[in-house]
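So, here come the structures, one by one.
In the two assemblies presented below, chain A is common to both, partnered first by chain B and then by chain C.
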Partner chain A sequence: MEIIKIDDRKKLAFPRFHHYNLAIRYIVEQGLEQNYLLLPEATKETTELGSKYSPDYACAPFKHTLGSLIEAVNAGADIVIETGGLCRLDYYGALQREILRELGYRCEFVNLAEYMGGKKKEMIWLAKRLNPKVNIPKLLAAVYDGVKMAEYLDDIEALYYRNAGFEAQEGSYRKAYRQFLLEMQVAENHGEIRDGYQKAKQIMENLELRRSQYPVRIGVVGEYFTAMDAHSNQYLQEKLIRLGASVERYLNVTNCHFRAKESALRPRIRDYVQFNMGPTTTWTIHAALDYAKRGFDGIVHVKSFGCTPELDAVPVLQNISRDYHIPVLYLSYDTQNSDTGLDTRLEAFYDMLERKKKVLR
Partner chain B sequence: MKKKAYLGIDIGSISTKGVIIDENNQFLAECYLWTEGNPTEASKKVLHELRIQFDQEHYQVVASGTTGSARKLVGAMLGAQVVKNEITAHAVGTTALHPDVRTILEIGGQDSKIICVENGVAVDYAMNTLCAAGTGAFLSSQAHRLGVAVEQFGEIALSAKKAAPVAARCTVFAESDLVHKLQVGYPKEEIIAGLCKAVAGNYLNNVAKGKKILSPVVFQGGVSKNAGVVKMFEEELRMPVIVDEKGHLMGAFGIAILARESRQEEAFSFDAADMEFKTREVTCGKCANHCEIICVYRGKELIDSWGNRCDRGAIR
Partner chain C sequence: MGQIHTIGIPRGLMAYRSGVLWKAFFEELGLSCVISPKSDRQILEKGTKRAADETCLPFKLYLGHVESLLGECDAIFVPRMGGYRPKEKMCTRYEALPDLVKNIFRNQHPNILTVSYDWYDHTDEAKVYLSLGAALGRSKSESKKAYGAARKKMDQWMKAKEKKQNILLEGDGLKILAAGHPYVLHDPFMGGEISRLLGKMGATVVFTDYVNREKALKRSYHFSKVMPWIINREMTGAVMLLRERVDGIVLLSAYPCGPDSLVNDMLVRKVKEIPMLSLTLDAQSGAAGMETRVESFMDIIRYQKAGGYGNH
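Showing the complex of A and B:
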């Protein structure tokens, strides 16, 4: 058997994207058998670095991902990977590749937008580019496990945001959640992923809760990156649960890519939308309508400043808000670093929902 | 036995307001002055003023609350029982004075908001997002440019026969529009009327977008003292707009009510007005996030700190 020296492996990196880097790490390390460069949590410096080299009119996700890429290259990444998407995001890879090159970085840049056609042959070609000695069956097995891990991450996260606002012992939920993330970070096979998930779920479900009889429930909808990535939305969901709310977000990788298809969701929002308006608008409107029907108290709509597809969803959300008497808080993010404005709005929103609940009951 | 009283202070970007109320929401003392960029000094002045007006022989302040953009700082200074955002405070204050109100319009120094009310409780609100176009700060900078005191704006606007069209989507655009109109020779009062119309129009098109405005409408905040803007709102909405004479104190009034409702009571002393408070900003160096941590000192004693995003930056 040939022994590969760890040092011979290439270091791959992907921009920070919420907790999904853990799943990507698993696929890269177990499937492609290369090293993955897992970046530490984003800081203000990341954002500053990203905005400094970004065109002014690019949206906030562009700046955040560019900041991550630059940090990754500085940390020694050999190959950086950027994804494509259904909006302007599809062009971001090409642009970021140019920006990195002009800054003088000599790393390999893989733009997934070029492989988005999804043909099997192209994917295998891409895998071979990342590691010429790739073992395809092993890669497929790792992709399967990685997808599973992403699902587990989303599941535990949903549980956390639904209940952590009511924990009887302060910090108990947070502790369990962090432990779970840590285990996913070091998991090396299918069994470890599954065990970590089951353990976390068991611990969380057995934690004591002090839930009021009618807790305030808030649904988060919005643009793909900003709504999911906690650093980009200034820890919006964490702030809401600290106020005492139960928070749900339908939009996550599991629901976007592995489960619901756009064409399957659209018939359910027929009353409001006849055609597809862009990358995540169908998910936004579907989730908002679902929250409204399930009797949620409020909806928070999150987007990066200037995000056209989500801007198109706003009038529809206003219709839903009117028809179901559910207030919607609209938040636009750029690369601001003060939390004060956000705190004021969220606190006011939560107080309003809570008082309303008390009086109308 | 002294009767109970409640103190509320609203520290805004431009003005600082303070009231003391009794258990039946009657005003015992009130004060309104400019913040002048120094919330600590302004709130001390408010306390001095309130102490003079307040009947200390018959009443005792048992709870206090702060609201407005400097609520946290002043709340720490006073040891306030309730520290709440201004939106909640305004909704509570207004619904206490006008129980039948359906829509509250509010334009302050740097922000504007709309609150929809049903059955005496706020059910929806919106606040201006990224910029301060069409707020009090905009009007006073334009007044300065025209060489008129902003307090006279309303009067002048009402004397105009018609309003000059001024773009109000953005302060920068409005300003170039204004300069242009002046140079073409529009009379000053028409331009001022145009500005008032622009403020009302901008508000209805931005903040109030998608919200149903139902009568009775209460208009408050500093800009509500401008009769020109009130008239433009009435024309645009085609319904009467109520401006309460206490409208400028509504936030302070609301937070005083919230302080009472909190049921936490502790004798309040006006001594805070004479104490020395200092704030110091520390940059946390434990990671690259560089959180700015604000520390508030009374004399030499640290009384509160905030601003850290994680536990590593916790000072106490």
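Showing the complex of A and C:
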């Protein structure tokens, strides 16, 4: 077997995207056999860096990802990767490549929008571009494990936000969650991923909870990046559980890409919608309707400022809100948000939900 | 949908690009068309009341147009357009349009006539119009004939515009290219005002959407291989085709247009050899602020042409 010298490996980087960088790291290191540059938690500087070089009214995810990419190149990435998508996201890569080039960075830039056809040949070509000596069966096995890891990450996260607000011992849930993330960060094979998941799930399920009889339940819906990425939405879900709520978010990578299909979800919302309205709009409306029918107390709709597909979900959400008498808080993020402002709005929203619940009971 | 006799076409969004085709198609089928009046302050106010705050100005106007058609016709034509190819899509708002209108005007119960196509359906324009004819209860041959005649009319209209614009481009005088989405360029409330200002200052105004669409589309692939929007493709392609024949470019965009926010930035970065003014129109701005900017832009071009800035 050929032994690859550590120095031969190239450093790959991908913009920060919630906890999924851990799964991407796994695929890059175990499948492509290159180094992955795992960026630390984003800071205010990341955002500032991104917005400084972005067009004025580009959406917030553009600015966040550009900030991440610049930091990655500064940290020594050889190849940076940007994804494509079904909205403006499809043009992110082209413009970010140009911006990085004008700033004088000379890294390789891989724009996945160019490979979005999804043909097998193109995918193999892409893998060979990232590592000419790539072992395809090994890559496929790693992709499978990486997908599994993403599912586990989503599962544990969902458990955390459902229950952590009621933990008997403060910080016990957080501790188990952090330990799990750490294990995913260093996992090197299928077994380690599975063991880490099972351990975390076991610990979390055995932790003592002091749940009130009727806890306030809030559903989070919204735009793909901002709703998922905790830094972009200013740790919205964490703030909500600290107020004492149980929080659910249907929108995650597992439910978007590995499980629910758009055409399978749409029949469930046909009272409101006839056609596919945009990349994640069906998920947003489906989840909101589901929360309403399951008797949730409130819905928070999260998006970046000017996000076209999610803006188009708003009139439908307003109708759902009227029909099912469920309050919806609309949050629109750009890159200059004050933390206190958000706190005040969330507190007021939570208090209103709690009071409504008491009166109705 | 049996008893549809009059069809309302809102004078907004893609009506400025394909309206001639729509109207001709319906009229060939023996239906009469009602087109909403030209945009004005009142229509904007009606639309603004209906729309979410952040939506783009053209969409607010569109809702105003839809509202002004309520009760004036048997059905309002709101197509769902996804584009025909993966790299020639429409902005996602066009995918949502019929559902949006239905949800926003839920209490008014408007009768919406719609036809839907998407880039992943592998369809083409002729098939789409066949299904539109079927939705109106017409036979295949009737729809086919109507589409053929309508397409011909549309092509003639387009050719006449191209020809007229070519004469303008051959002529003397200061030529300014207005670049943007057709409904921004030609809506009297948005681009119409800017064209008027430019004309008043002595410029000949030419438009990016009066350029041969196929040629512009083809040319746009030199500008970008990955750009996903057909309207922005036609716009950038036309800029590429005409940039040597005009003296300046005014980029017109409506706030906050998603595709334009990225593409116009790219255009400003890539097209450097010609003076370019980027204007963003929103619901609040009066013409006064724009007038100053357009005027100084014109002054710069004139000064440069006269040999200023050490050119000659």
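Note that in this section the second predicted complex is superposed on the first by the 360 of 361 C-alpha atoms of A that agree within 3 Å, B and C clash if a C-alpha of one lies under 4 Å from a C-alpha of the other, contacts with A are read in each partner's own complex, and residues count from 1 in each chain.
Everything that follows uses one rule, which is that contacts are C-beta pairs under 8 Å (C-beta built on N, C-alpha and C of every residue); 3 or more make two chains touch, one makes a residue touch a chain.
These figures come from a predicted structure and were not determined experimentally.
Contacts of A:315 after superposition on the shared chain: both chain B and chain C are touched. Touch criterion met: A:95 reaches chain C, while chain B stays clear of it.
When the shared chain is aligned, no partner comes close enough to touch A:170: not chain B, not chain C.
When the two structures are aligned on the shared chain, A:8 is found in touch with neither chain B nor chain C.
By the touch criterion stated above, A:305 is placed in contact with chain B and with chain C alike. Legend: residue contacts after superposition of the two complexes on their common chain; A:44 is shown touching chain B, with no touch to chain C.
Of the two partner chains placed around the shared chain by superposition, chain C is the only one that A:279 touches, whereas chain B remains out of contact.
When the two structures are aligned on the shared chain, A:332 is found in touch with chain B and with chain C. Taking chain A as the reference, the larger set of touched residues comes from C, when chain B and chain C are compared. With both structures placed on the common chain, the touch criterion links A:352 to chain B but leaves chain C unconnected. In the superposition on chain A, the residues of chain A touched by chain B in one structure and by chain C in the other are 305, 314-315, 318, 332.
Of all the residues in chain A, the ones that touch chain B in their complex are 43-46, 235, 305, 314-315, 318, 321-322, 325, 327, 330-332, 334, 340, 344-345, 347-349, 351-352, 355-356, 359-360. Those residues of chain C lying in contact with chain A across their complex are 52, 54-56, 80, 86, 91-93, 95-96, 98-100, 102-104, 106, 116, 118, 224-228, 255-256, 258-259, 261-266, 269-270, 280. Residues of chain B touching chain A in their complex: 69, 84-88, 91, 119-127, 129-130, 209-210, 212, 287-290, 309.
Only residues 55-59, 62, 84, 86-88, 90-95, 98, 102, 111, 113-114, 116-117, 272-279, 281, 305-309, 311-312, 314-316, 318-319, 332 of chain A touch chain C when the two sit together in their complex.
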